[in-house]
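Listed next: structures, encoded as structure tokens.
Consider the two complexes below, in which subunit A is the common component and subunit B and subunit C are the respective partners.
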Partner chain A sequence: MNREVILKLLKSPAQWIEERTGVVAFSAPLLFHHVPRSAKWWYVFGSATLMFFTIQIVTGICLGTMYAPSASNAWESLRFIDEEIPFGWMLRALHGWSSSAMVVMMAIHMLQVFMHGSFKFPRELNWITGVFLLLTVLALAFTGQVMRWDQDAYWGLGIGAAIVDRVPVFGDQMRALMLGGPIIGGETLNRFFALHVFILPGAAIALVGLHMTLIIKNGISEMPKPGEIVVPSTYREGFEERMKKTGVPFFPDAVQRDMVFCGVCLLLLVFLAAYYGPFGPGGMPDPTLINTNPRPDYPFMWIFGAVSLLPPASETAIMLVAPVVGIVILVAVPFLANSGERAPSRRPGMMLLAVVVVMAIVALTWEGVTSPWSPVMDGWSALPTPTQFVKGRTPLQMQGAVVFQFAQCRNCHELGGFGGKRGPALDEVATRMSPDQLIRQVQQGGGNMPAFGKNLNSAQMTAIVDFLSTLHPENEADSAIPGAQLPLPIKSPLTMNTVSSGAETPAGIHSR
Partner chain B sequence: MSDNTKGETKKEGCVGCGCGGGGGGRPAAVPQDARRGFMFKIGAGLLGIGGALAAVPIVGYIVGPARSRYRNQWVDLGATTAFPSGQTRFATFLNPIRQPTDGDAAKTACWVRCVEAGKFQVFAINCAHLGCPVRWFEQSKLFMCPCHGGVYYQDGSRAAGPPPRGLFEYKWKVESGKLLIDAGRLPGLEESV
Partner chain C sequence: MMSPQTYRLLACVLVFSAIVFAFVGCDRLHGKPTEAAPTVIGSPSWTQSTFNTSCLGCHSKGAEGAAIPLMNAGYWKVATDAHVIQVLSHGQGVSMPNYLDSDGGPLTSDEIAALVKGMRSMWGAGSLGGQGAQGGHAGQGDISATVVAGDAASGAKVFATACASCHGTGGSAGSVTDPMYLRLISDQGLWSAVVYGRTELGSPAWNQPMPNHPTGLTTTEVADVVSWIAQARPVSKAQGQAKVQTKSQPKNQNASDTK
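Moving on to the complex of A and B:
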């Protein structure tokens, strides 16, 4: 047999299939469409997102073969996958890490498109399908957290339910619709399961298809150059001409960079998954185990931060309206600026906006992680009083230190760098407040502090204020007013209070 | 493609009517366009009615839980002697409106405060802010919330932090030495004190 015959033999089945499916004719434009020569490393993030999405589908299907979508044994089935099934833990780790990676890649991809003005004519719908993809992926991330069915999942659902409950008029019905009943239970998990494995992936696949079709139809945008202005009436012709002249085929020219970048991402993913392992599951989803500290997953940390920092008076309105406004603005982006300059240097306002949004999300995420507004629930029992605050103190002051510890003050106040951050650190409180002011603050609360007047007897109050008066830098007198005599022993703090100097609590000292 | 055109020419009037061209070979009594329009309307009508009928169970199934058919029920928290006067104690119960697949999630916790003998306050575990589980601190007589720092006094009233109101309270009664509370639905804004 000569070469010709072999080639023909090889070719004929391929031809047979092609004649009947048209698969090559269909996918050729996907592979060989021309992309701008200038499309360099900036353009790899979309491909990486798609790769992570593919990994999610594959690992998700694998997990679906073992996961028990039932509130009575979901948690146990995850433990079983982690501990008994060969590579089970690794699959869960890949699924978890790839989900975070997908959110991150998507955010970078979106930021790049925004900064390069690639959403302008004729790619408005590329952007809008992208926005809906982002929302779908975030919904997948949230429902995925519910799939873990641990304490974070349970209380996270509780928080979601409480937010939905605040919707005017229909709140109660919407909450029931979300939870699938009057409580967080079996129906809740199964509702979120249906969303996580059927509805949302289906939507995501459809949107990815649409997004890709639009990429083929409208082409990949060129790197922006200052002065190259998008004029909708002439853009298409000019773009097509430039592609013909200077464009390169996606395969095999442009794809090499995507391959290298995706390869690096994939290696990193496997490393992270193998080294750090799966996410959770955390504590058992038993709502009577209340020693828990519910926190959302990272993609939602900034929302947790924002919700915590909202002023209570307007938080309902903001929590319900802000997401809608945010989505409307994102969708509106290409219509607000659909032509003109694309170069970042010619769009300083937009760049500033992007920087501010990114910084806000990073800062809120940081706030969410450190959550200074949360009391350290075991601060009073777990954190010893640092010795420098009790060394050389009188018995009464020592007694005060004990009361200070015992009354859970440390849950909200730091001493020597340890304790809650909800209230101010008290290391040097005596330099800010006189004993009178201290008594008043402890008794009546204020700012954001509860009143302790009813819970401490006068002996305890005397002791604690005597102790607090010693909290100042070394070699300073035991009082806020230099040289002033301490009004000790305090007979009855209750009467002390009424005759106190009238000095107001320094403004803002307790408000965060 | 070529077969199709042949068919069209052979059996006039049958194009697109869905009869597959085999409609008994009857010659077209009505003009082709009018007949197509008629069939289209019939088809749309049948699909519309069928779709609406099928949608009733589908929508009803999904929105069923939103039509509140769940009523709270009286739940036994045990003998009142388990709740000494002047103290606040942790209590748990099985939710009376649980489903077979709820698992541990049907367990529910609450805080029982015995104000004085025979007088109680029973607080939901859920913070009135966004529902996290509040914890009782006997020494400072405060409830604290781990999520956003809500704090409540021992009588459930709001002391500090973002909660817009005091803790949710269950209705209670004492019957033959047992403390009963009216519980079931997840506490929310609908359930006020």
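Moving on to the complex of A and C:
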């Protein structure tokens, strides 16, 4: 057989298929369509997002073969994948980290499109399909967190259900629809499994297809230049002409950069997965454990932060209205400005807006991670009182220090740099409050502090206030106002007065 | 000069070995979840973590912490297992909670016994410090960890000679007969305070030299002075104990009512 015969034999099945499907004719423009010569490293983020999405599909299908979507077995099946299946943990780690990476890459891609004004005519629908892709991916991330079926999943669902429950009139029905019943149970997991594995990936694949089709149809936007104004009536002609003259084929010219960037992203992903391992599962979901510190996954941390910081009165309004308004604004972006300048330097207001939004999300994420509003649940039982706060104290004050631990003050208050941040640090509280004020504050609470009047008897109250009165810097007096009425004696006449005899002994109320 | 084929072969070998080497040691990657070791009750790690989450907040070591330090050899020299188990199970005074599950606490009696055993083995033989160190002075003998009844009238004299210079009127260390203080501390608590002191904070143990009383106390003197101090408690004992037990757990009646 000579060379031509072999080539012919090889070609004929391909031709046979091509004649019947047109697959080459269809995919050739995907590969060889012209892209602007100016499309350089700014244009790699979309491709990287697509790569992460592909990884999600592949690893997700693999995990789907091993995961048991039932409330009683889900958690156990994750342990099984982690510990029994060779590299099962790696699969979970890749799936988890790739999900976060996809959200991040998507946000960067979106930011780049926004800053370059690429959403303007004729690419409005590119942007809108992108917005819906973002929502789908976030929904995938949330439902994916539920798949772990651990404490984070349980409390995350609880918070989600509580938000849905606030919807006026239909709250009950919507919550029942979300949870598959009045409470979080097996039905809830099955519902979220169906969403995570069938509905949302299906929607995402359809949206990606649409997004890609629009990219082929409308072409990739050029790098914005100040003065190159988008005029809808003439844009398309000009763009196509420029592509013919100066454009380069996507393959192999532009794709090189995409592949390099995707390769770096892939290496980074494998490193993250290999070094940090899979997400969770945390503890078994147990509604009776109250001293857990449930956290949403990173893509939702900023929402966790924002929701936690809302003033109570505004919660319902903001939680229900803000997402709708946010989505409407995102969708409306290309309609609000679909022509004109694209260059960042000519759109300073938009740039400022983007910077503010990014900074707000970063700051709220940080707040969510540190969550200074959460009590430190083991503050009272695991953090010993530092030496400087017990040194030189009287027996009563020492008992006050014990009561201080016993009443769990340090879950919310710092002492010596350790403890909760919900309330003010108490290291120098005696410089701010007189003993009378301290008694009132502990007794009645106020300013977000619960009242302890019913939980402490008079002896405990006396001891703790006596202890708190010693909390001021050495050689600095407490907060008594000169000339003001002296505090009522809180010790009985039986008491031998404490007399200050040097810096060690607190110059408290009893020495006056 | 190598031919292109040789280059290609070399490249293939390199890539192949890179792939092979990439998987070497994959089983020991940092991110691989380690199988959770089953918790062995009584193991050092269990003891340490139980102590850290339940006791450390008040009972630390050295000068730290508001209550008697437990990471401390001196304490374990005096305290018997039975006594520590008793206090741990049923609580003491106002602020020491009860840990026994039948009292509403988090630990079973087996766990409490294991915890006490574990703490003793970790700190009992250590050289962490001398809280209530035995044998400060020869001939003083061993002291009981639990409260022993004494004679209050003699106790008054002991207080005047041994304690009053710091804990009496005008004393720098603060009153121990303050009724508010006495309402918060049980007789056993007073006993322990006298026996162990807080040496790192400058309060000597029972048998150590005291500022105005270089010989320390005898076991009888400890019993007497604790009886005398306890007498100053303002309300009747039963009433006072009932009032201050805000945690509503049954208290260690033996310890707090012995006189």
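In this text, the second predicted complex is superposed on the first by the 463 of 512 C-alpha atoms of A that agree within 3 Å, B and C clash if a C-alpha of one lies under 4 Å from a C-alpha of the other, contacts with A are read in each partner's own complex, and residues count from 1 in each chain.
Everything that follows uses one rule, which is that a contact is a pair of C-beta atoms (placed from the backbone, for glycine too) under 8 Å apart; a residue touches a chain by one contact, two chains touch by 3 or more.
Just so you know, these numbers come straight off a predicted model, no measurement behind them.
**Q** Look at A:A273 in the shared chain and tell me whether it touches subunit B only, subunit C only, both, or neither; answer first, second, both or neither.
**A** Once the two structures are laid over each other on A, A:A273 reaches subunit C alone.
**Q** Could you look at A:A463 and tell me whether it touches subunit B, subunit C, both or neither (first, second, both, neither)?
**A** A:A463 contacts subunit C only, not subunit B.
**Q** Figure out whether A:F87 sits in contact with subunit B (first) or subunit C (second), or with both, or with neither.
**A** A:F87: touches subunit C, not subunit B.
**Q** Does the superposition put A:F406 against subunit B (first), subunit C (second), both, or neither?
**A** Both partners.
**Q** Using the superposition on chain A described above, determine whether A:M110 touches subunit B (first), subunit C (second), both, or neither.
**A** In the superposition, A:M110 contacts neither subunit B nor subunit C.
**Q** First (subunit B), second (subunit C), both or neither: which does A:P450 touch?
**A** first
**Q** Thinking of the overlay built on chain A, is A:V333 touched by subunit B (first), by subunit C (second), by both, or by neither?
**A** Neither partner.
**Q** Touching A:P384 in the superposition: subunit B (first), subunit C (second), both, neither?
**A** Touch status of A:P384: second partner only.
**Q** Shared contact residues on subunit A for subunit B and subunit C?
**A** The answer is residues 380, 406, 455 of subunit A.
**Q** In their shared complex, at which residues does subunit B touch subunit A?
**A** Contact set of subunit B toward subunit A: 62-63, 65-68, 70, 90, 92, 95, 97-109, 125-126, 129-135, 137, 139-142, 144-149, 151, 153, 159-164, 184-186, 188-190.
**Q** Show me the residue ranges of subunit A that touch subunit B in the complex, using the header's touch definition.
**A** For this pair, the touching residues of subunit A are 70-74, 154-155, 158-159, 161-163, 165-166, 171-177, 179-188, 190, 284-288, 290-294, 307-308, 310, 312, 315-316, 373-375, 377, 380, 406-409, 411-412, 422, 445, 448-452, 454-455.
**Q** Mind pulling up the subunit C residues that touch subunit A in the complex?
**A** Per the stated touch rule, the residues are 26, 29-33, 35, 52-60, 62-67, 94-95, 97, 167-181, 183-185, 193, 200-202, 232, 234, 243-244, 246.
**Q** For a test of understanding, state which residues of subunit A touch subunit C in their complex under the given definition.
**A** 82-83, 87, 89-90, 93, 273-278, 378-387, 390-399, 401-406, 410, 455-460, 462-463, 491-492, 494-499, 501, 505
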